[in-house]
Amino acid sequence: METLSKKDFQAIFSALKSMSESQKEYLIGLDSVMGDGDLGLTMAAVFKSASEFAAEYADDEIGSLVMKAGITMAKAAPSTMGTLMATGFMRAGKALKGKDTVNAADMADFWRAFTDGIAERGKSKVGEKTIIDALEPAARVLAEQASSGASLKDAMAAAKDAAFAGVEATKDMVAQHGRAAYYQEKSRTAQDPGATVGAMVIQVFADYVA
Amino acid sequence: MKKFLNKPETFVDDMIRGIMAAHPDKLTYVNDDLRCVVTAKVKKGKVGLATGGGSGHLPLFLGYVGDGILDGCSVGGVFQSPSAEQMLEVTKAIDSGAGVLYIYGNYGGDIMNFDMAAEMADMEDIRVEQVVAGEDVASSKKGEEHKRRGVAGIFFVYKVAGACAAAMKDLDEVKRVAMKACDNVRTMGVALSPCIVPEVGKPSFSIGEGEMEIGMGIHGEPGIERGPLKSADEVVKQMLDAILADLPYVKGDEVAVLVNGLGATPKEELYIMYRKVDEMLKEHGIKVFHVYVGEFATSMEMSGASITLLKLDDELKTYLSMPANTPFFEQVQL
Amino acid sequence: MKKFLNKPETFVDDMIRGIMAAHPDKLTYVNDDLRCVVTAKVKKGKVGLATGGGSGHLPLFLGYVGDGILDGCSVGGVFQSPSAEQMLEVTKAIDSGAGVLYIYGNYGGDIMNFDMAAEMADMEDIRVEQVVAGEDVASSKKGEEHKRRGVAGIFFVYKVAGACAAAMKDLDEVKRVAMKACDNVRTMGVALSPCIVPEVGKPSFSIGEGEMEIGMGIHGEPGIERGPLKSADEVVKQMLDAILADLPYVKGDEVAVLVNGLGATPKEELYIMYRKVDEMLKEHGIKVFHVYVGEFATSMEMSGASITLLKLDDELKTYLSMPANTPFFEQVQL
Amino acid sequence: METLSKKDFQAIFSALKSMSESQKEYLIGLDSVMGDGDLGLTMAAVFKSASEFAAEYADDEIGSLVMKAGITMAKAAPSTMGTLMATGFMRAGKALKGKDTVNAADMADFWRAFTDGIAERGKSKVGEKTIIDALEPAARVLAEQASSGASLKDAMAAAKDAAFAGVEATKDMVAQHGRAAYYQEKSRTAQDPGATVGAMVIQVFADYVA
């Protein structure tokens, strides 16, 4: 599968919904360590609404499908990750504006816009124990892979590995944002829930094109 | 936890229902969502002013929606940001073509959501500008003003920007005036006791009997000094010295003063504090244009107070003096 | 005792100094005595309205001195009556020939001293009339209304009498209107925690964690029921049922409502209470003309609230609606 | 001494001042049991001002001397007994209006007006553990003595005894007024400080005419 169509994106949103449902309790647990424990709930709500929206989407253009799915997410859940995830999809959608198909290079653009959008909205950067620690390495790897002509499948697989490596790396970072930041040095050893979700979302894409 | 409430989960919605029931001629809500509060009378052609933020700070934030100040407010859970979606709905309701200015405090969740709302409003062809208020001198050192928390001083920003909008100025002008107020306002607070978030049910921090914490934030963010409670005059001196040095406010300046109670501290004590503020300003040759004493930004039943100075020029004086009328704040022309 | 103060002995005077410093254009004092507070602008030919009472209840009592309400207030120590001499000095300062009406709460010391002041004023050929407000239904049973304590409901008496005087009516007429308000007002309170008199330094009574006392007075006078803290709706129902039954207020009546915080109770909770008040009044077919929510009569940092209803006729509506403007209370024409 | 002149009243006010000074600590002690302990201080302040006023008084009319001494007292001390004592003298002065001399019958009128004035102002009556429990029996005895033609000396001596008997009686009363009333049944065995002061004032008159 070298290019994705609108139908594929509809399927991906549906897979994101399934993933968020099956991972709900796990994410609640992660977010309960130094957060308010709502992450599993908000992700399930966010992807449920996005998947329902995508399933009904009539047009063939992928850009606006993704962007409007992002808007839908924003309305579904008010917590930090709800807003950030919505931002990511809105920005990624804008990057794909006008496209009816998505190849590896487009996918690299997608995740670059996704990542930069979240970094901008969250005023966060690599090393601050957030979702950016999963997204940034993945976006960078994807860009490299795409420019060296890798297949969509291989590029996404590499991106997924980079994202999970990023999640691992959060286990030695002090939180700079959100509730976990109140814990300061004590937050160091915890795995960041937002980064985890970020990697899981990338994995859904990677698994779909595999 | 000793509070008049029904269920912690319904705390915010019950509160808003009470507010709507008490002031039906002044406030309403849009999108079938109690938390999207707007003025009952949107004025055609006027720049819309919106704010938003967590609950638990009345009269912040929704208490400043009314004639001569703000037009709309999105309301979050206790100490939680409202959603970008709610902000967007408020924006749509109060825009009448002249655009909308967001004025809100410097808190991560609020910023993220207002940014998002602005982006969504842009997609709906509503012009939105933003001003982030942050004036707590204890929350970040000089040179890093952009990191400072917004607390009671945001009242002054609302007041002058609201009056400017009421004078039918355009969005750029209202934003400029709001930013001027931001640049000229400084606050410092002191807390004596914590408060309880209803859904949590116990205090999120504690301050020992006989202790005070200078510079503590209104959600319990750490201050700059915890120590034995000193006399009112000493506490005020410590706070006001820091404020005066920061801008700095100097001899010949003219200011408005706000002595704000955080919730449980009685007005008697706020005026005892103001006595010393007045004495010190006189010593420094700083002239007082107008004084506000009362609860303008609270943390439910937290006990403590904050002092805010707004340095004035003729323009800010004019806008500060104009009348305003909300269910929580009434001012006749000064 | 965690309070912002200098010395307990200077608590009241420091407070008044702060008030005078903050509002020099509105308030002043006579006889070189800070505790003889009068409006900065006595209106010639108008009936003078005076009140007085112990400190610790801001905005009661001096907070209602200003345009459209009262003209003077003698201020006692915390929870103590001012002296007859102070009352007399205020009387002399605010009389401009049309006589003076005293309006104060039903407390032994205040009554004795106001009676005495009236007698002394009479010797100085100033005509004085008195109205004693007492509307706390918990403080004495029906049939013994004259024994009832005056609490937050006195605000309504001030407001309508003040507007009547501002309309340049004569002393008999102002007194008649004040008494009409007294006859039509009922209050009931509930306390969750005590307060501390600065010179005493510790709470004068205690209420157990998780307990409330319905009907407790604002100085800690015993209530009618102590028990576990119930939900806001249940507490309101118990209070409002008693109020409604007492006058009684009946279907078709039109009322003004005051939900008053005793000090530490946040506005969030007062509005949660009002939500239920509104619901119950609707059920009873009682129409609400105007709603006041906030701190109108406090006990320093006591936590608790009171509910007051004033039954209105056209005359009372007219006077309630008129504007008023004091440092503690502003109302535009309703 | 069958009639009192203005000079005598000046001397009586001076004696009241001396009495209140010598009894200061005793009264403070009494008022500390169930009151705020200020009674000794307020009585000293009240009679000091009254005596100073009386000493300067130029006119011969006793009525206005006494009434204005009462007004002076009201300005001197704000507590309950200050106000009540002032009321007593103001009303007694009014009762003697126009008189340059005071005989036994006038003295009976004096104490009747004094007592009724306080009872009216304090809304109090016999048996409620207040100064009235000393004053009322004294005023009644004085009226009887005067109408049966007793001398001023004998009449005042009998009144003094009646007043102190009244003070004794307060040791078996429950306080109905003032701070002591908060103690309810617990207030019963205490001797009422206000009644004590009332009897002491009558004693000063009785001693002067003796």
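Every chain is named by a letter (A, B, C and D) in the order it is written, and numbering of its residues begins at 1.
Basically, contacts are C-beta pairs under 8 Å (C-beta built on N, C-alpha and C of every residue); 3 or more make two chains touch, one makes a residue touch a chain.
Please read all numbers here as calculations on a predicted model, not as lab measurements.
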Shortest walk length in steps over touching chains, chain A through to chain D:
3
Measuring from the mean C-alpha position of chain B to the mean C-alpha position of chain D, what distance in angstrom results?
59
State, to the nearest whole Å, the distance from the C-alpha centre of chain B to the C-alpha centre of chain C.
29
Whole-angstrom distance, CA centroid of chain C to CA centroid of chain D, is 35
Which residues does chain A have that touch at least 2 chains other than itself?
none
Among line, ring, star, complete and other, which one matches the pattern of chain touches?
line
What is the complete set of touching chain pairs?
A-B, B-C, C-D
Chain B residues touching chain A in their complex are 76, 80-86, 108-109, 111-113, 115-116, 119-120, 123
With touch defined as at the start, can you tell me which chain A residues reach chain B in the complex?
71, 74-75, 77-78, 80, 82-84, 86-87, 90, 121-123, 177-178
List the residues on chain C that touch chain B in their complex, please.
2-7, 11, 14-19, 21-23, 55-56, 58-59, 63, 192-193, 209-210, 212, 229, 231-233, 235, 257, 263-275, 278-279, 291, 293-295, 298, 300-301, 303, 305, 323, 325, 327-328, 330-332
